[in-house]
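In what follows, structures are represented as structure tokens.
There are two complexes below, and they share subunit A, which is joined by subunit B in the first and by subunit C in the second.
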Partner chain A sequence: MLHVEGLEKRFGGLRAVDGATFRLQPGVITALIGPNGSGKTTTFDLITGNVRPNAGVVRFEGRDITGLSPWQVARLGLGRTFQLPRLFGEMTVLENMTAAVREGTLREVVHRALKLLDFVGLTAHADAPASSLSYGQRKLTELARVLMLRPRLVLLDEPFAGVNPTLARAIADRLLALQRQGTTFLVIDHDMPLVMGLAETVLVMDMGSVIAAGAPKDVRDDPRVREAYFGTARP
Partner chain B sequence: MPRALLVGLALAGAGAVPLVANNYVLSVLISLAMFTGLAYAWNIISGYTGYLSFGQVTFFGVGAYTAAVLIIKLHVAWPLAALAGGLLAALLSLPLGWIMLRLRGPYFAIGMLGLSRIAERIAFAWEPVTDGGRGLYLPPVLDLRAVYWAVVLVAAALVGITSLLDNSRFGLRLLAIREDEGGADNLGINTTLAKLQAFVLSAFFPGVLGGIYAWHVSYVDPVTAFATQIDLTAIVAVLLGGAGTVWGPLIGGVTLSVLAEVLWARFPFIHTALFGALVIVTVLFLPKGLADAFRQRGWLAPGRAFLRRLAARPAPLEAAPE
Partner chain C sequence: MLWEPVLWGQLLIHGVMLAGLYGLLALGLNLVFGVMRVINFAHGELVMLGAFLTFWGYTALGLHPLVALPFSAAVLFGVGWALQRLLMERVLGGQPMAALLVTFGLSLIIINVGLLVFGADIRSIPVVSGSLRVAGFVVPKARGLAFLTAVALTVATVAFLRWTAFGRAIRATAQHPEVAITCGVDVRRTRLVTFGLGAALGAAAGSLIMLILPMDPQSGSLLILKAFAVIIVGGLGSVAGSLLGALVLGIAEVFGSFFIATVFGEVMAYVLLLLVLLVRPAGLLGIAER
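And now, the complex of A and B:
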């Protein structure tokens, strides 16, 4: 599905991403965790073309997408959301949902948008300006909006951060429902219990590279992961 | 359809004006329609797309010179010459837009201002074609009616195009770029292409209007053809009326023209100062323009109705997404 190899990005003397390598299996929710500054968001930016890598290759469904523009990556079926939702504030929720969709008649697009708004529980806000939404509603709108593109892979940057536990649970349930229908997810988050319950696979980043990958419980017990999070234990 | 009838009546009314109006009234109306048209053109790249340009007059000047040269040297009929002015302006806007639209925010605004100054310098220097600072003289226009009809036609076309834009996915893409260009990019919108398309539209029409202007005043020189004042008047009209709306430029253009005439007639010495004060008051108290104020009072229907109309009668909902 997604194949990242030797990805590298330097900002001046800082190696933000330093040889990150991993694969995503189709139809699986994978969590990407790691301490602050370990390069998770930069990895997203590199995959989606927002930042050009100094080295490394990104393959999506077998196709080399390294160095493509964000819009080209998005059109291939690889969507993303942001840590802080990037909605079009003065446009309505429905307009946010519709603006970037190219396929289908307008009637079909609006129909699909309303269905997705129903799915995330925002039907009542369809005609509201996006700027009037609460933080949680913005996160949901951004998720619904990226789903309008019918992506096969979605990168979610902290979908649960700053969201109340009930809503976080609701978002997680939506992701599981979408996963059952075949969508692949890569999720950055710090809510460990939620992420561990959601993801089949966990990738751990530290200092710009992936230091561990596997099932949640294996990763949790990995000494390198414990070291990255808590420092070296003294005997 | 009452809407089509309304449009037809408005066009017929506007078209019939020269049958009753004298030349003074026609001159005022030509200027009104000219600046309203320029306001509409500016509204596409700056109001909808959010790229504030202080240099669309570049294309007005290019159109004016193109038409003047074609009329004088090749004896082309003036409406065709004006159209050619628009086409050359549009052609020129492709490479210029490709370069300039890489700039954002204030850098784009200042860059466009610089571009218009360069264009003015070229008009001064390219003497074999432009006759430099002496300018180009065209045969005098005795009948203003045809000029009036041409300008009104262009302005009406711009109202129509803006109305289509406002109710289209292309319009939504432009608004998305205005609201968050990076966000739009990450959703698969080819922002470079959309911006360029908007820019070409915002160059073609000033080019045509510049060509008509050259014919109307029978004279083109670098200072008047590339005057920053022309841009500023269009910008003030849009801000007064409401940027990124269908009716804003018309409301602003008409209000501005009427006020300018009244102030000029009553206060001949300080009318520009009063005008400036008015602009400041508007920006302070009506930052979204008159169109927004009218909407809040229910005098004007909200824009971009096409999605709401479709959403108002949806097909039955199903529980899960596709």
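And now, the complex of A and C:
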């Protein structure tokens, strides 16, 4: 599905991402965790072309996408959301949904957008200006909007941050439903219980590289992970 | 001055007709500002180029200005595209002042090339003459024609921005380029088309203005001042605002020149600019600087 190898990004003297290497299996929800500043969001930026890597290769479905522009990556079926939801504030929710889609007639696109808004429970807000939405509703709109591209892989940057537990559960349920339909997810989050319950695989980043990967339980017990999070473990 | 309904109605009609042209004049400038976040100081010169192309089509080829208009708009679309591709792309995203200076330099170059090629004579396209009486009011045919065409083009542009995929991509790029690009919008191409579209709209506005007002190669600098006034009054980047701004300027010019002094019409743009900047710097419908 996605194959990242030796990805590297330096900002001045800082190695934000330093040789990150991992693979994602299709149809699986993978969590990407790690302490603040470990390079998770930069890794997203490098995969989607928002930032150009200094070294390394990103392959999506066997195709080298390193250095492609973000819009090319998006059109190949690799979508992403942001840590803070970014909507087109002066457009309605429905216009946000249809802002980028080019395939199909306007009627078809709107039909699909309404179906997705129904999926995230925002039908009633379709014609509201995006700027009038609550924070949680913005997160849901952004999720629905990225689905408009019919992505096969979606990178979600902290989809549960700052939303109440009920909404977080609702978002998690939507992700599981999409996964059953075959969508692959890579999810950054700090809500450990939620992420551990959601993801089949966990990747742990520290200091810009992936230090552990595996099933949630194994990763949790990995001493390197404990060290990254809590400092050196004392016996 | 006395309250005379017929006179006031007549003035209002003239003001609104002028406003239709000013709205189209400012639309291209505002569109480019919205997407590029740079004021194109050469917009007035693109307007002038479009007008002179139409004038040339009329005198050399005998084309009716409304027939020549689409061709001149198409040529200016290409000019706008090329300017963005060869010039603006290199300076956008860097120092804002650099982009401003480039467009300023461009306007000087176009004016002087225009003087060389077209000469300094004042030209007009007096193809439509006479006037109609509508409900007791006098409507000069040329003004009516220019007004209706300008309104049709403005409506078409607004509809394009609102209801087509490419229009939505332009609006998305204007609001949030870095998000638009992750939604699959080819931002670079969108900017090329936007600059082309802005120039084409300017060419259309210039062609229509030449139906009612004589122009010379230096007229662009006067016209861009009016376009500035329109979008500052209405609010930078707001299409609805710029239509309102055009209405305010058109009516103010007509009433100013009638009740105060003819020259006062030309001063109105400055007066409105100063007033709005003093009282409501974001413009009537403007969004505060984000």
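Structural remarks
Here, the second predicted complex is superposed on the first by the 233 of 235 C-alpha atoms of A that agree within 3 Å, B and C clash if a C-alpha of one lies under 4 Å from a C-alpha of the other, contacts with A are read in each partner's own complex, and residues count from 1 in each chain.
As a convention for this text, a contact is a pair of C-beta atoms (placed from the backbone, for glycine too) under 8 Å apart; a residue touches a chain by one contact, two chains touch by 3 or more.
As the structure is a computational prediction, the values presented were derived from the model and not from experiment.
On the shared subunit subunit A, the superposed partners subunit B and subunit C overlap sterically. When both complexes are overlaid on chain A, the residue A:L149 reaches subunit B and subunit C alike. In the superposition on chain A, A:V210 makes contact with neither subunit B nor subunit C. Contact with neither subunit B nor subunit C is seen for A:A199 once the two complexes are overlaid on the shared chain.
Once the two complexes are laid over each other on the shared chain, residue contacts for A:G89 go to subunit B and to subunit C alike. More subunit A residues lie in contact with B than with the other chain of the pair subunit B and subunit C. By the document's definition of touching, neither partner reaches A:L32: not subunit B, not subunit C.
By the document's definition of touching, both partners, subunit B and subunit C, reach A:T98.
In the superposition on chain A, A:N50 makes contact with both subunit B and subunit C. Contacts of A:L114 after superposition on the shared chain: subunit B is touched, whereas subunit C is not.
In the superposition on chain A, A:P70 makes contact with both subunit B and subunit C. Taken together, the two complexes place residues 48, 50, 69-71, 74-75, 79-80, 82, 86-91, 95, 98-102, 106, 145-146, 149 of subunit A in contact with subunit B and also with subunit C.
Taken in their complex, subunit A has these residues touching subunit B: 48, 50, 69-71, 74-75, 79-80, 82, 86-92, 94-96, 98-102, 106-107, 110-116, 118-119, 123, 126-127, 145-147, 149-150, 177-178, 181. The part of subunit A that touches subunit C in the complex is made up of residues 48, 50, 69-71, 74-75, 79-80, 82, 86-91, 95, 98-102, 106, 109, 145-146, 148-149. By the touch criterion given at the top, residues 163-165, 168-169, 171-172, 175-176, 178-188, 287 of subunit C touch subunit A in their complex.
Subunit B contributes residues 169, 172-173, 175-176, 179-180, 182-191, 304, 306-308, 310-311, 314-315, 317-322 to its touches with subunit A in the complex.
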